[in-house]
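These notes open a run of structures that come right after.
Shared between the two complexes below is chain A, which pairs with chain B and chain C, respectively.
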Partner chain A sequence: MFIFLIKMFMKRIVVLFFVCAAAVLLVLNFSCAKVAAAGNNNGGTKDSILVNIGANIIIPGYQALATNVNSLDSAITDFNSAPNSTKLSTVQTLFTNAYISWQAVSAYNYFGPASDAIPALTGLNIFPTTTAIIDTNISRNNDNVNTFANTSAKGFPALDYLLFGTNNTTLLADYTTDAKATNRQIYLAAVSADIKTEVNAILNQWLPSGGNYINTFETGTGNSISSSLGLLVNSIDQDFEITKNDCLGIPLAKIPVGTVSPILPNEVEAYYSGISIQLAVAETKAVQGIYLGNSANGNGLGLKTYLVNAEQQKNLKYNGGILSDTISLALTSTISNMQAIPDPLSATIQANPANADAVFAECQGLTALLKTDLPSDLMVSINYGDTDGD
Partner chain B sequence: MFKNCINKILLSFKGEKHIAPLAVLRMAFGAIMLYSTIRFIVKGWIYDFYIAPKVYFPFYGFEWIKPLPAIAMYAVFTIMAIACFFILIGFLYRIAITTFFTCFVYVELIDKTYYLNHYYFVSIITFLLLLVPAHRYFSIDVIRKPLLKVTQVPAWTINIFKWQLCLVYFLAGLSKLNYDWMIEAMPLKIWLPANAYVPLIGTLLTKTWVAYLFSWFGAFFDLFIGFFLLYKPTRKIAYVFVVIFHVFTGWLFKIGMFPYIMIFVTVIFFSEEVHLQFIRWLRTIFNKKYLQENEMQASLVFSPARKKVLYSLLSVYILLQLLLPFRYLLYPGKLFWTEEGYRFSWRVMLMEKNGITFFYVKDAKTGRKGEVVNSEFLTPLQERMMQTQPDMMLQYAHYLHDVYQKKGVNDPIVTVESYVTLNGSGSRLFIDSTVDLSKQQENFSSKKWILPFH
Partner chain C sequence: MKKITFPTLAFLIMTCCVSCTKTTTNTIYYTVPATYTFTNVNDSNQLMLLAMADQIVATVNLGNASGVVVNAQVLTDMFNNTGGYFNDSAHQLNASGLRLADYCSPLAKTDLLNYFDSIGVYSQSIVAASYGVAGVSPSSASPSKKYLLSPTGIFYSQVIKKAIMGGICAYEIANVYMTDSVSNSVDNNTVVPGSGTAMQHHWDEAFGFFGVPVNFPTSTTGLKYFGSYSNQVDAGLHSNSTIMNAFLLGRAAIDNKDLGGKQVQANIIIRTFDQLDAAAIVQEMKETDENINLGDSVAAYGTLSESLGFVRNLKYNTSSTRIITNAQIAQLEALYDNVNPANPNLYNFVGASVNTAAQIEAKTDAIRQLVGSIYGFNATELSLL
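Up next is the complex of A and B:
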């Protein structure tokens, strides 16, 4: 009986099935078209603010990083060929430069090429580094750093430990007379080579001669989650929150880790080289650069330009003042107060954490501005789902 | 005059009407919900919304509703899609509509993060479709059991949908009659310029007068469109406006399926002749042998017992529909700020609201205090929604209390420092940051710990 019914209605069910299939195709088509529009908008118009940020800030940022990382890598090769104290201090200086220039681009690491190259994002600055894993890898002569197990045994924090883990005399001995000296040299080179490969790949993806993501970025107008403005604002917010939480919050025990704990001085970024504050300052300055549009090529258009436009059009106010200026001032003040904290941070928070505490609170205020008022007044979507209709 | 009007409305619920509009509504609704359900699945939202999160925000009184294991959640949505298809073709209609209603409402109740007025609207339309005989004409069910077929149905089964739609539009319009919307043209003044990159009209959207025009037109449209749709001489042009208005807003704003659902459902306003014509046109597509129906008049009459059940259900539903949107009057403070009595009231597109929360957990014994990293527990969307909605903050605070107690913190004191900006007001303190939220309970009374807006 039922089979008879099915036979009877087969034809119509087939017709209706096709109607539905068409509907499904439409959906797929629709969502793909949207992705294409966001990701590959070649002939589109360029936004002058995005052009300034892309061409004068982001690309030079990655270029500087690549240069520093490349010279660090050659210096390490040179050091390994015949380790001595002069070469060691050259490597150490170059490492500091490279790490600081990494901080200057970390604000763009949450979209585009850097976030596509997943190992670069998750792997190059995981701190605190797990020294036990590094030591084991050295004893076993395991120089494949790109495995899941080595997530916290690679990148800049690993170099920090390998190049500053102890005093320079002992360190030099570790690379020359120590039983595992050769293994240690191999591991050092492997970590550095990994950073070099990842960074150059990201830069290449941005460059017009390579992946040409710069064009996608400059033409990705609009304010959706996939627009360049949307990606940029979300990326900055994410990165600055990490600076606030991981560089200051966790060491100062402002963040509950398990049982609310006492201060954790050895969880600071760059614990061994002791340049934590320099790094945090570099990151915050990068945020300031994008906001003001400042670069080595002079002052230009930045996120603030959007905000000023929006404010003029809509006569927006921020608690009686002007939001765009409030953010500028908050950035300047946070940076100068941060600079006033003496490095190494690990020692400072044990001796006199009051300054660092105050800066943490200031970072919180800045986070509020960057995460609520800025996106709200620019109408940048931080929403992945649908919103309410009219 | 007023009495006359009421009489006319009451009269429209009596008498009989041809069933055709109901059959078309059933197909239109089935089709658009099928599309909507598939879209939801294709976008990967089942995982993002109902599998990935560690914590959920159920509605007050429905805390017992929990998401199912991953595979079952996928099954629920697949069943919904199949049910939509059955509704569309009118196959096993009663079972299909009941299944869809149950699954849809279940999913909506899991987490208020994803609450949208149009999901609420879909729930209501499904509920109404559950009560009416929408499958007893031009359906597979009628072919299977010809005795089911009727041509005349009680008029209320059709008019209840018109009533519901008029109510939605009118209340949406009424809620737009506020200072921000009418005098400040907010939030459109913020939202429209953000679309400046749109071709052709992009530059226009940055103009202030355009924001005012849109605000006033939007309010006027919502207030009166229902009546223009009811009134025969203006119906056609009103429907054209419905299509243009919804397509346009759908194009400018990220509002998902809502415009299309409204365009599809408002066809109910057309007369039976229009619907019959449409059905005749559909018949020409199919083999006439099975679907050709001889129009013998047959009326559907509900038994007195059935009537009693239906009418009491409808009375409760109508009463709720009329009262819920005004419950906010019972709460002090600015509605947009506190959001007490905000949901289920057809308040849409009224606020550009954004917030940030710094939650603190303090050990009652040792006095040690730390800030919570919200992204450790919440998805980005949950975090964003929680940061402007006090009832969600309360739920989250209770969750944090339990999590940190398990981690060994003594009687955790959970406080929040929260800043919110509303329609470009500039961020300001939202919640009393001294109150231990883990000791506060959710109930229908006003939340004293929400700071006044000023």
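Up next is the complex of A and C:
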């Protein structure tokens, strides 16, 4: 407990502080035995774990996404010039590639350039898309996808509808012989162009040749709210909860929406293209990759490295075992069980949801590890969440 | 980090003596506990008043279910504690003789009674909310959260809650307890068992209105009203330790007849509560931006309404040390709606069919920057609020 000695002179108060043996720690002192990390320091000292995560995992992830959305956009331009089934097939394949590579980097959406951008990069994946708004926009040839009213009529979910919204024969007719074919092509091009613009802007912000956020990230040492570790843990937790809640929970009726919760199979991610599980797996694998530090070009320094160091320094135990191993096993198990859920998820939810229900429960357990136990051992505070209008 | 504005000396270890270069008369040493565990603390009245506020807000929120009518007279009666409307399971509120009305700034009382009337009218709607039409609409990101909105998109439930915070809690703390109620002429000698001297008791009552546990900020469990908001803006304002230290130091000063010290701490509390309300406006801009990024216009109307409540609270603060002027408050209100600042149209503010997210966030940033420039929050602090 703090004890203040107050020494009162006639007019002035001079306060002496001292701290007794059981003092509260004033400054969170985070040190890592195996890597150089010296407090919060954006002045130059780099943390080798952050270097690996930033340079070998995050930037390559954004580069892959940019490459894929650029290819997709070119293919869409080509498709619009003379729509046929071959070109449609190409566009649909490139869409799938792009969406999966989006999901591989969505865990970084809640800090740094992706989060500071206006519109925020998360706006590229607001699902379920509102098809009525898309149809109205096409009908009226309104292709300004960035008005606020179009928030759920743009991005990957909009492409999902525009490219897979009906069977290929009808779809092709919509882009060729239908009365609104030209408008539809324009809207398709606008949605894709917006994705390409936004993604490339974020990549540029990270690169040394552009905004050089990579430097900020690598030198953001320590574990405060604004440190790279703090931002990263909050971001991956937030994104994983979306996978848990929005990709699985709400469609499976595990999360009450109103007073009655029916299953909502139409509200899965990628409802039209039917790649919902592929996306959920990609996202969870991305979380695993950051944790193990080994995805993309990673060299194995990841969140687990921080955790293992903390466990060794402070002899931390978790339920009689070791948390860092528990998390590793939970990630592997969740991914494996998730992969076993058949796509399209919307059909599985209606026909045979037992596996998906079980994976949802497993995701809840993994969330607790990532959102409570991991941050606690790393002394990182979780500061996103339901501020319920206090 | 602890932030004390008067001069401090370096840390000493326990075994060290303080060296007194020259002891003048009236040198008093006293200890200050790290938690609010003084003798004779009794803030049970304030805890009951906050419980009454909770129940009024809960009653207002019944109107968030479409078709459920909330009776304005019931809300008014709860405010005046007549009619026995409180749920007495936790506290004996109905027979307590306490009335929120007695602890309310006159300006806030007028506003609250008007807000109750509005709730009474709008909750009669059976349609969804839309431009010019009161009703209930759900958040798009969290559809189980429903909002009763006014014809101009204002979520009065939150405006009411913020008016209670500013017009009752902060008003009482900063404008009543920290001024007349602990002035040097107030009795600080006669100790009443269970509540202390009059001066001690008033100080404790002020603490009771803060809404924090006795070991705040070590514990942040059960934070209410401004206790909760202090914690939400603490990264940018450092209000948790500033306010808590001032309460601790002030009560210790009173206990030891250090009236000068008491005054210093009272002034810190008065000033910090002013800044806290301003910081809360900025915090709601961040939440509004997040709702805009999610495309959740209804939730955005909710957080904008929260900020509006905090803006109106600035007027309830009658302290001569209040930073913002009346003219600046008018400027701030005009940023919500320059045509009708007294009843801003939040649908126009968001302008969903014409504005991009960037344009909407430029408006929230204008509010953020104006508050920042008036209250001296720098760019880093603004980003942390």
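Convention: the second predicted complex is superposed on the first by the 333 of 390 C-alpha atoms of A that agree within 3 Å, B and C clash if a C-alpha of one lies under 4 Å from a C-alpha of the other, contacts with A are read in each partner's own complex, and residues count from 1 in each chain.
Assume a contact is a pair of C-beta atoms (placed from the backbone, for glycine too) under 8 Å apart; a residue touches a chain by one contact, two chains touch by 3 or more.
Values in this document were obtained by computation on a predicted structure and should not be read as measured data.
When both complexes are overlaid on chain A, the residue A:T332 reaches neither chain B nor chain C. Once the two complexes are overlaid on the shared chain, A:P375 sits against chain B while remaining clear of chain C. In the superposition on chain A, A:T136 makes contact with neither chain B nor chain C.
Contacts of A:N266 after superposition on the shared chain: neither chain B nor chain C is touched.
In the superposition on chain A, A:N352 contacts neither chain B nor chain C. Between chain B and chain C, more residues of chain A are touched by B. Once chain A of one complex is fitted onto chain A of the other, the partner contacts of A:S226 are limited to chain C, with no touch recorded for chain B. Shared interface residues of chain A (contacting chain B in one complex, chain C in the other): 5, 8-9, 11-13, 15-16, 20, 24, 26-27, 256-258, 383, 387, 389-390.
Per the touch definition, chain A reaches chain B in the complex via residues 5, 8-9, 11-13, 15-16, 20, 23-24, 26-28, 31, 45, 47, 221-224, 245, 249, 253-261, 310, 313-314, 316-321, 323, 364, 367-369, 371-373, 375-390. Across the complex, chain A meets chain C through its residues 1-21, 24, 26-27, 118-120, 122-123, 126, 146-149, 151-152, 225-226, 256-258, 383, 387, 389-390. The touching residues of chain B, when paired with chain A in their complex, are 31, 34-35, 38-39, 42-43, 45, 48-49, 85, 88-89, 114, 116-118, 140, 143-144, 172, 189-191, 193-195, 197, 206, 208, 218, 222, 245-246, 249-250, 253-259, 262, 285-287, 290-291, 348-349, 352-356, 358, 361-363, 366, 368-373, 380-381, 384, 404, 407-409, 417, 419-421, 424, 426-428.
Within the complex formed with chain A, the residues of chain C that make contact are 1-2, 4, 6-9, 11-14, 16, 18, 20, 24-35, 138, 140, 143-144, 158, 161, 218, 223-225, 228-229, 232, 235, 249, 252-253, 256, 258, 260-261, 264, 287, 292-295, 297, 302-303, 306, 350-358, 360-361, 384.
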